[in-house]
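Alright, structures below, take your time with them.
Note that subunit A is present in both complexes that follow, paired respectively with subunit B and with subunit C.
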Partner chain A sequence: MTDPGPSPSPEQAAQTGTLAAALAVKQRAGGFMVPLATVVLAFLMGGVVVAATQHSVHKALLAYQDIFRGAGLNWIFHPTTNILNIASYNLSQTLLQTTTLILTGLAVAFAFRCGMFNIGGQGQYFVGLIVANWLGVDLAGLSPLPHILLAIAAATLAGAAWAGIAGVLKATVGAHEVITTIMLNWIAIWVGEWLFGDGGPLQNSTQQFVPVSNNVAKSAQLPVFWGTQGFQGLDIGLFIALAALVAFWALINRTTLGYEVRAVGFNPDAAAYGGINVKKNLIRAMAISGAFAGLAGAVDMLGYLYRFGQLDIPVSQVGFLGIAVALLGRNTAIGTMLGALLFGGLLYGTTHGLNATSVIQPELAGNLTYIIQGLVVLFVGADVLILYVWNSRKRLRAQRLPKTAAAPEEAAA
Partner chain B sequence: MNTWAARLDNPLSARLRDPATSGYAGILLAAFAAFLAIPPIEARTVTWPILVGVVAAVLGIWTVTRGRRRLGWGAVAAGVLGIALGILATRSGTGNLQSVFDATLVAQTLGLATPLVFGSVAGIFSERSGVVNIGLEGMMLMGAFWGVYGADKGGTWAVGLLVAAAVGGLLALVYAYFAIHLRSDQIVGGTAVNFLALGITGYFYVQLYNNNPIPNGVSLLPNVRIPGLANAHFFGQAIGDLNILTWASFVLVIAAFVVLFKTPIGLRIRACGEHPRAADTVGINVYVVRYGCVVLSGVLAALGGIYLSEGPQGNGTFIFNMTNGRGFIALAAMIFGNWRPAGAFGAAILFGFSSALALKLQVYSPQAATLFQILPYVLTLIAVAGVIGRTVPPAADGKPYKKQ
Partner chain C sequence: MTDELVLEMRGIRKEFPGVVANDAVSFDVRRGEVHALLGENGAGKSTLMNILYGLYRPDAGEIRLNGRPVSFTSARDAINAGIGMVHQHFMLIPVMTVAENIVLGVEPHNGPLLDESGAEQRVRELSAQFGLAVDPSALVSTITVGQEQRVEILKALYRGADVLILDEPTAVLTPQEAGELFEIIQSLRADGKSIIFISHKLNEVLEIADRITVLRRGKTIETVPREGATEESLARAMVGRDVLLRVQKDPAQPGDVLLSVEDLHVVDERGIEKVRGTSFEVRAGEIVGIAGVDGNGQSELIDAIAGLQKIASGRVVIGGRDSTGEDARGMLDAGLGHIPEDRQRRGLVLEFSIAENVALHDYSRPPDSKWGWLFPGQFIRRAASLIREFDVRGGGPMTRAGGLSGGNQQKVVAAREIARDPKVLIAAQPTRGLDVGAIEYLHRRLVAERDEGRAILLVSLELDEILSLSDRILVLYEGEIVGEHTGEVSEEQIGLEMLGGRERTAV
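Now for the complex of A and B:
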């Protein structure tokens, strides 16, 4: 990966204050090790909570073993394509969650690359979900391929437009994107409550007092390649998400657009001086970011949900989980994939993957996911901690060298 | 913008000639236009709302021609909105109107605004000292759960209040350590606080109550009756019998205003939020001020949270993710009120009013009631977009400070 222009020293970058600059520091500060350490620390602290409340360290270890099995990760010890095998079923479910989290993670990561914090992934996801449901139900009668393509394209564009509002407000009047995306989140949530609620435009046509939408038409449902259609089989949405990962990597690293977006992220003033239209890039980055989240909504709706209800809205946290995924993955394509796999496993492994014989009840374990997620985000955000460890190594080296020799090395670092 | 002192020096006639005056008068008149059609005035012809609304719009246009474009167009928009609402109100039945716009609406508005007032004042303290607090939602949620737990185990609501305040302060202290000492990104840290609170409250609710509802009969936050007022005709129902925390929220707003703007401590807090380096130079310990403000913020937010579980609406129960965005509405109220206690209070009342109206409308049109919930967020979007005035955060808000 190439940085635009000469890169400042970590301390300087941290002090210029832009988010992307600070993240770039972390990118160089510890490679793969820091996210790994973050995850280990978060799991350790989550384990302490379990051990303390269950009064047994052994039980905490067993709980993690249950979660590992619940996520279907024990499948690697005896791989089989037979979906009736419990491990392979659990794995397919984990991969369904991973699909969503890859896309919502990319949504957060792309905005980060442009120095913006898109906290509105959840809202953009809902907008995509709603549009996909609407077109999936209303355009019944179309043949499958155009129906699917149309619904996905419309949902993606809707997500882009929703995030684009925040981008436009940032570019034109300087409204902080965190505030605007939070507000847009809640607007999307309440619009969803209205649409799917009793008497709402998208409520199902048969049961008047059930606040759930219609099922999307067969022609709009994504083909399933592992498992059974209609029973949460693993659909081709996984490949769409993987394609999105490649597209993200190519867009960021191999196009002019990506170069401009990163340049604005590193230092908007320098980018403007270099002839890059900052406002245009802010809007563009936010819209592309929203497109990923909208796509996530479409893939979920057409892939395995098929319908959505008022009661599902407050439960869904995938847009917010995307923040943890992106931060843990350091806003890179490969990192986002690994982060999504981790949180996808956690999400499924702590809830539906558990059963009555588990050491820790699913209701309890599901909340453990949020605790671990919170800890991961908390530790990942503490870049000074990482910087301190990283720089103390350098300081030690500098102390051994004569002062004159150390100075140019620090300037170059 | 004139300072207060300069304004007081001006004669009244000069202040009336100020374009801002006609703009604000227009907005007030627009509100009055809508108000005309509802009880207690309840004009039954559309003439009056239209007439007053048009006057408001004209005042707005006059303001535009004299240079205050944003304010002027705001007044025009308000005038049109006032006419529309007025017409709508005159078209609906008198019976409906009276059952929606009665004294209990006032009481409900104040009740629903209470957690928002606590939350927004909490946010003001934190952000005025230079620390962004996205984690208000999480701190409120902690207050909601640990407050009802404290009241249940301690036997009385007072214990609940103390436990809520302590836990909220503790979570804020953790956040403060990451935001101030480790200089981690404050938005990321605040997001983490929200996740953590969601997980911790959910986990311990299942663990401590075995996934059963909290038993009935938990000691609740009491209402305080004002003896002379409670039996008065309209005001008795409206404000005669409010919850103790609702009364406390009024006191809090005044106290926050006095502390922030009339005392040396407030000056120090604001200095840390505007220019920490300058504050440091004159001997203010920026870290101590910020730690104090963030912890205070956590305590206040948790007190707003306990109102949800232990107040009249919560009735001593806890539900997973009980705050359901109220922390973010409080954040919105803070922004809408331009980081000032009085402004935030006004915004909280406005948002509380829209929720109260939504509750009342539930009977007539559940769909309209649901859509009404969007109002606070849309208004805040409009406010940060700078269509009506402009909101300006403290200059150093969100910027970690490093001592040199």
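Now for the complex of A and C:
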């Protein structure tokens, strides 16, 4: 072995250490600041819409207060477990939405970490819903624990298989996952229409002309821990979602599987060179991604929906919202949780908070939901732009400084 | 050459967030002069030239052209003022003819139509005037790299360039083509053009330049006439310390055959046979260098040995074990180390930390992981000790690999491959784009690993590197080995073989 050359002096080491540390802090700050700025900007723009149409800034502020209350977030000022308290009830409903969004968000985030864009969360969610409903109804008579576990496992696997099709197509013939997952969404939607529609295999057996499924058996329903079973009480699905967050984090950061997923996501060529089977990882990551969405369907079906109708299909958007949640959360576990909480609050807060009061006309109130949601999604998509503005501000400052610093030098020359 | 200054840059300063790329740099060029700009990567050469070419605006300083102060806001301004630049990577449109490429944007026309014959006529005149032989009506996709470069030079001359910037012009050329380029440069100089010649190759600079300016860390270190400058003095100015330019090594003591390639055929995705019946052996304790012009099957040959590309027929035997058809994992397990030709595309996951990159081959086995569960502490510790041993600067185990300089990135790759104790080490373009100090280190290291008894296969487009490191040289031409040399051999001889044993006829 040759002499490896002079090693850096302690001062050098300390310097590089602090530089690297400073850089990491900056990156972390950017990583947190940009999504935050995105949200604030979306809320400001939404506020401008209200203020402009109502000719009143005051009303805009009141509207946001209503959303805040509608989402039950004022609960933190008077915490109580009493579900009859309006804030408690609203919060439980927000958390119900959050549960679903965490799981559909994780579905998008996982594929993203492997370099793929899973737009098929909605379809995978439907497949999970359908399988959970089918087994929840058909296996009536089982005792609760095996029934629930079986239905959840099957729905999760079904979601995985559904997304896995897109993974296989990408790995074998190179079909782009954006195209295939969108097509799989439509297949899931129309299969659902047929299953739940008049005369469909899963349609209600007692009311022949109502295009709705049977209710899942009592033994398949998830226990409710806050509120009333059967009246959209908050079920233990929330804890399943939280467990999924932990599982996601550990899988990505602490397993060889996650290492492979990240390596393939960042640089497939380097991954292949490192001895990683890229195709296997594309299929596996897509399947795991679909598993999260399928689990979301199961948790919704067994947690509070219990049944699903033909008419519910076009209304459901949770799979698509998962995309916004994951993007806002930067495809991390903690970010996805915060993003899901935000969108859960917005979903419930705008629809129920604004309609409950008459601060602004109901026509605007209903649409303000979509305006704010749309703005957040828009700005999330445009966070590159926000980052650019953020960085050019710094660049401008950096440009101003050296000019003054260089002036004496010039004079000396 | 006269003493008349055509270009003066005084006190140029340019700062990027966190880096001062140019700090009070001064640089001038006389009429009819070849002025070399010499410096390591990141010394500020490109920044200075991009300022001159109007792509960056300086934070401070002054540029004078023919005595008058100028301020460019775009490359168009610079071109109109008579500055031309030939980039390292050519910017030509392959489906258009040479003449069309040259006149693009400033076409002579007949009414609304392109005056094709007029354009070709102008190009012919220009190429005759400066001795730049090209066929104006040939499609760019059909001409050689050397000719593409001439087209780029003609493009600049056509736009009236008096000051011509050549950015690392010989990097893509064979020795013969480089010789022809130097003749062209001489004739341009004789015609009163001024040439700025950017390079980090000391011998070239000493051959062609009238004056040499050395930059180091954004500052002008010195401007010296060629007379009296030596490779050693220039290297010292570039690096800031004495540099060992010649690799010192004892004669090889070849042992057992560790890598044996037998009648290998490789076909690429487009169905073109890139490696055509290649056979050779590499023994323990020797460095075998493969010389060749880029695109003659080097990449496919390496990829086939590394299990990254399918072998059509033939055998690859590593350490006595037939490994033909193994995937990348299998080849690694057979005892192969591989410093890939493109460290950023392949050698590293830039977004991963150094530690995670160190684990790239071994993450899936103890001690890095067990039953699929990672133990990051293991590879963080390993990375820390490799960083010390290989003198990687610019960060610790948790630093993002993409944040390191090219030389330090390459050290991380080399450290990972060597630390796995491979029987056979492939080093593909191990010093491409690196500065003198890093090159010196990696060369010493490769010789040291040879002396440890590894079989080293060196593939490089730099003939100097092949000649100074190899114990045996193979010349690859269109997928076949056309020459083998041990002992002394001239650069010209190898250069000739790199072209398939015959001069390519210039058009």
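Note that the second predicted complex is superposed on the first by the 340 of 413 C-alpha atoms of A that agree within 3 Å, B and C clash if a C-alpha of one lies under 4 Å from a C-alpha of the other, contacts with A are read in each partner's own complex, and residues count from 1 in each chain.
Keep this in mind: a contact is a pair of C-beta atoms (placed from the backbone, for glycine too) under 8 Å apart; a residue touches a chain by one contact, two chains touch by 3 or more.
If you're wondering where the values come from, they're calculated on a predicted model, not measured in any experiment.
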Query: After superposition on the shared chain, which partner residues are touched by A:Val191: those of subunit B (first), subunit C (second), both, or neither?
result: first
- request: Go through the superposed model and pick first if A:Asn133 touches only subunit B, second if only subunit C, both, or neither.
  value: neither
Task: For A:Gln97, decide between first (touching subunit B), second (touching subunit C), both and neither.
output: neither
Dominant contact partner of subunit A by residue count, subunit C or subunit B: B
Query: Can you pull the subunit A residues that subunit B and subunit C both touch?
result: 17
Task: Show which residues of subunit A lie in contact with subunit C when the two form their complex.
output: 1-2, 4-8, 12, 16-17, 20, 23-24, 253-259, 262-263, 266-267, 269-275, 277, 394-395, 398-399, 402-403, 406-407, 409-410, 413
Complex interface listing, subunit A residues touching subunit B: 14-15, 17, 19, 22, 49, 53, 117, 119, 169, 173, 175-176, 178-180, 182-187, 189-191, 193-194, 197-200, 314, 320, 323-324, 327, 361, 363-364, 366-378, 380-385
Residues of subunit C defined as touching subunit A within the complex: 10-11, 13, 15-17, 20, 24, 59-61, 306, 308, 327-329, 332, 338, 340, 345-352, 356, 359-361, 363-364, 369, 372-374, 376, 388-391, 393-396, 398-399, 403, 441, 444-445, 447-448, 452
- line: Residue positions on subunit B within touch of subunit A in the complex are 134, 178, 182-185, 187-189, 191-200, 202-204, 206-207, 211, 321, 324-325, 328-329, 331-332, 335, 366-367, 370-371, 373-374, 377-378, 380-381, 384-386, 393, 399, 402
